[in-house]
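Input: structures, listed below.
In the two complexes below, chain A is the common chain; its partner is chain B in one and chain C in the other.
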Partner chain A sequence: MSAPRPPSALSAARAVLYKELTLERRAPQTLTAMALFCASAFVIFHFALGRDEVEGALASGVLWVTLTLAALLGIGRSFVADREEGGLDGFLLAPAPRTALLIAKATTLLIFLLIVGVFASLLFSILLLGPTPNAAQWASLALLILLADLGIALVGTLIAGIAIQTRARDLITSILALPLLIPLLIAVTKASEPLLSVGGGTLAWRWLALLGLYDLIFGLLAYALFDYLVED
Partner chain B sequence: MANTEPAVVCSGLVRRYGERRALDGIDLTLGEGQTLVVFGPNGAGKTTLLRVLSTLLRPSEGDASLLGSDLRKEGWKVRSKIGFLGHQSLCYGDLTARENLRYHARLHGIGDAAARIEAVLEQTELSGRGDERVFGYSRGMLQRLAICRAVLHEPQLLLLDEPRSNLDPAAIEQVEPLIGAAVGRTRVIASHDPAGGLAEADLVLGLRNGAATLLAPAAQVTTEQIAELYR
Partner chain C sequence: MPTTKSLYGRRLPGYAIATAIVLTASIALAFFYAPIEADQGFSQKIFYIHVPLAIVTLGGFVFGGIFAIQYLRSGESRHDLRSYTAIHQGLIFCIGALITGCIWAKAAWGQWWVWDEPTLVSFLIVFLLYCTYQPLRFSIEDPERQARYAAVFAVVAGVFVPVNFIAVRLASPLIHPRVLGSSGGSLPNDMRIAFYSALLGIALLFITICKYEMSSKHSRAQLAALRRSIGGERDEPAPVRSAAPRIAVK
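Up next, the complex of A and B:
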């Protein structure tokens, strides 16, 4: 055997990402739970609001509150497999850069959120949404989902990294993540509102810019803090 | 016993959990190729000592160096040289044994891992069940897989917490070429087996409430002295 050389952050991140996706493929619990939650939430909103169709600000609110709460399920399960039989220790014992874990965990969460985002948007348009968005509006909505999900994935991984070291990890995820996600939720609901209105509208670029800025800030924060959070 | 270059040096090592001192000022020097066996009742600090030496826990006070690197400042340097075996396997239940070992091989930057993986699986007689998911393994099989994982990257220093627990006599023989004294690696072993532990020790450390109550060359220690630690 040739002498081992510490892997680069990208190489280690690929290993962790492959492991994460294999685990979810073998036991698809997280994606199933998130998708089922979205479907149930839309049915509850349908009866709670007493409406067959929603549009505009209400539609935007229903869609993004549902996606955000579904994301909490994914965030809460980020490190579950790592706690059982000490998988996180296995990573920490390796000479791999800790950033690799952040990259892999955030990418995994982003993939799950994107899959659920597409599923939930289509389901929402069938079950609750009044107006039918045109191709340009669907494209704008897809861009919003991508930017919002990137922010949720970064904040979620950061919070999950804090929570894993605590005993009250299930509580901490919701308590810390929701307040941090409020700016993102405001920006994405405001940006989505014209796309989901009767008569249609265009994307408000300032909200999009705010989402981009949010992603950048939390990306840098996560990069700077994650090493300290996952280590003792 | 190989040469006497210190592989492990601890000086006033303290680890606190809140107010409680799980390790209370441990001083020891272990030469390269030597075996330190740590005895002590449950909660004495054996596992904490191993976790501090493995870089999983930071010392609260004091210094420690492993293979010439300061544990506080250069923990990243020693990780590739350490093989850690704790109470958990550090393997994922929904992955197969081969997948788990491939994952750890990639994290350790082992280039041509396939042959090494097959070699350790063969040695522990897990080769035939290497493509089964680990959650179906017995405790003994899981322990053998954990040993494979711990030695996969051929570390210079082995930190072993009760390495033969859950193993039957045949399995103990199987893992000897991987973790036994004949391998020539420096070893720190936590044990509850006075006779067995003493037989493979060069140095004996007895812990009680985190403090070292016994530290002596194995030749000067009797099983009665070790048994006394548990009374």
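Up next, the complex of A and C:
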């Protein structure tokens, strides 16, 4: 009798992704915490800045600082359940390629970030944003959220993989993630600025190119290095 | 635990003497041979320390990443020690580059910190990232895992440096003098000689200090091993949690 074939990276990733989404659906923790954090942050910004409405660079800064800090919550929770409940050991015992875990975790984080990104942008436009973006500007903002969230998800999964084995997990996640995300934040805040200004503006392609470059480089890095993080 | 028998202190005296000679010569060249710059006057002399410090810092980080790749490929602890030392000393040189940059900014533009200055801002971001290297190592107890995770960090951070420089440069107007560029403020020959000798001096200083650190750590490990062999196993001290790589000596 021949031995059963090991699952491919994609089918294993699909199984882990299904597990992650089912877990979040049955016991919503991460997504609700991230969404609530965004809402609270906008209220705090309203009082801290002393403004009813923001626009331009300030609006872009408020939106992306909030989304980045909310992303840190998601990154911090990424491997916690697997570590505490032995899911990581179970995965390592299975004859599945370790890249599957990277793909599944990064996709889960990306889905969470996209949902929170859409929710936070809509809430931001209601609570704080002065100018009303038109359809083209909303589409550009959606593209920016997609590209930025992809970068955050890739870097975040790599960092979560490092931080989960450390004693000061939460501290390490924050101090590692924030400097690493600075180039991405520079690009996305600069690109969002004209979209959130009075009179409107268009998307500058050089920032999109920088975001794409960032995603590509850190995607390749995560792919090359993730195996070393789940060796034991 | 992997063992190492190589001696790091073998060429240390030679490097130390070369460093002393080249650094002294470069200081003499900077102050007595290179002319006073027309725009900034005497304060421009800090350029002969600041720029070499910055270049050597980046070199240290790059080598830290290269040694980390070698560690990940081979698993030999000497590469981890080299990577750790290069990043550790690179961080100290980075602080030097930031402080001298602040002093130069104050002298040239009247402010200790200027956000319009992409190179200085990039350096601050790189510094903030590499500052997490020691806490990361310190928070992992198992030496093998500590070395592996630190190596992954060193590779990621090494790749991050150029991406960060591109992003910050795109975001700010250029006011930093491009002293070695093909256009703009290229150096006259007498300044160039003083600058290159200062760069060589600082690079030698970096190598000497790295070799000294590795040699010191190695000697301490050898001494501990000798003490253990004389005093028996009961004298072995309890393992202390440390950010530095642990060296096992046969």
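Definition applied: the second predicted complex is superposed on the first by the 229 of 232 C-alpha atoms of A that agree within 3 Å, B and C clash if a C-alpha of one lies under 4 Å from a C-alpha of the other, contacts with A are read in each partner's own complex, and residues count from 1 in each chain.
In this text, a residue touches a chain if its C-beta (ideal position, glycine included) is under 8 Å from a C-beta of that chain, and two chains touch if they have at least 3 such contacts.
Note that this is a predicted model, so its numbers are computed, not measured.
**Q** One more residue to check, A:Thr166. First (chain B), second (chain C), both or neither?
**A** Only chain C is touched by A:Thr166; chain B is not.
**Q** Looking at the overlay, does A:Phe91 come into contact with chain B only (first), chain C only (second), both, or neither?
**A** Touch status of A:Phe91: first partner only.
**Q** Could you say whether A:Pro183 touches chain B, chain C, both of them, or neither, answering first, second, both or neither?
**A** second
**Q** What part of chain A is shared between its chain B contacts and its chain C contacts?
**A** Touching chain B in the first complex and chain C in the second, residues 231-232 of chain A appear in both lists.
**Q** So in the complex, the part of chain A that touches chain C is made up of which residues?
**A** Contacts found on chain A: 158, 162, 165-168, 171-172, 175-176, 178-180, 182-184, 186-187, 190, 206-207, 210, 213-214, 217-218, 221, 225, 228-229, 231-232.
**Q** Flag every residue of chain C that touches chain A in the complex, lowest number first.
**A** Listed in rising order, the residues are 72, 125-126, 128-129, 131-132, 135-136, 139-141, 145, 148-149, 151-153, 155-156, 159-160, 163-164, 166-168, 170-171.
**Q** Can you tell me which positions in chain A touch chain B when the two form their complex?
**A** Those residues of chain A that touch chain B are 1-2, 4-7, 11-12, 14-16, 18-19, 22-23, 26-27, 81, 84-87, 89-96, 231-232.
**Q** Flag every residue of chain B that touches chain A in the complex, lowest number first.
**A** 54-58, 76, 79-80, 82, 84, 86, 88-95, 99, 103-104, 106-113, 115-116, 133, 149, 153-154
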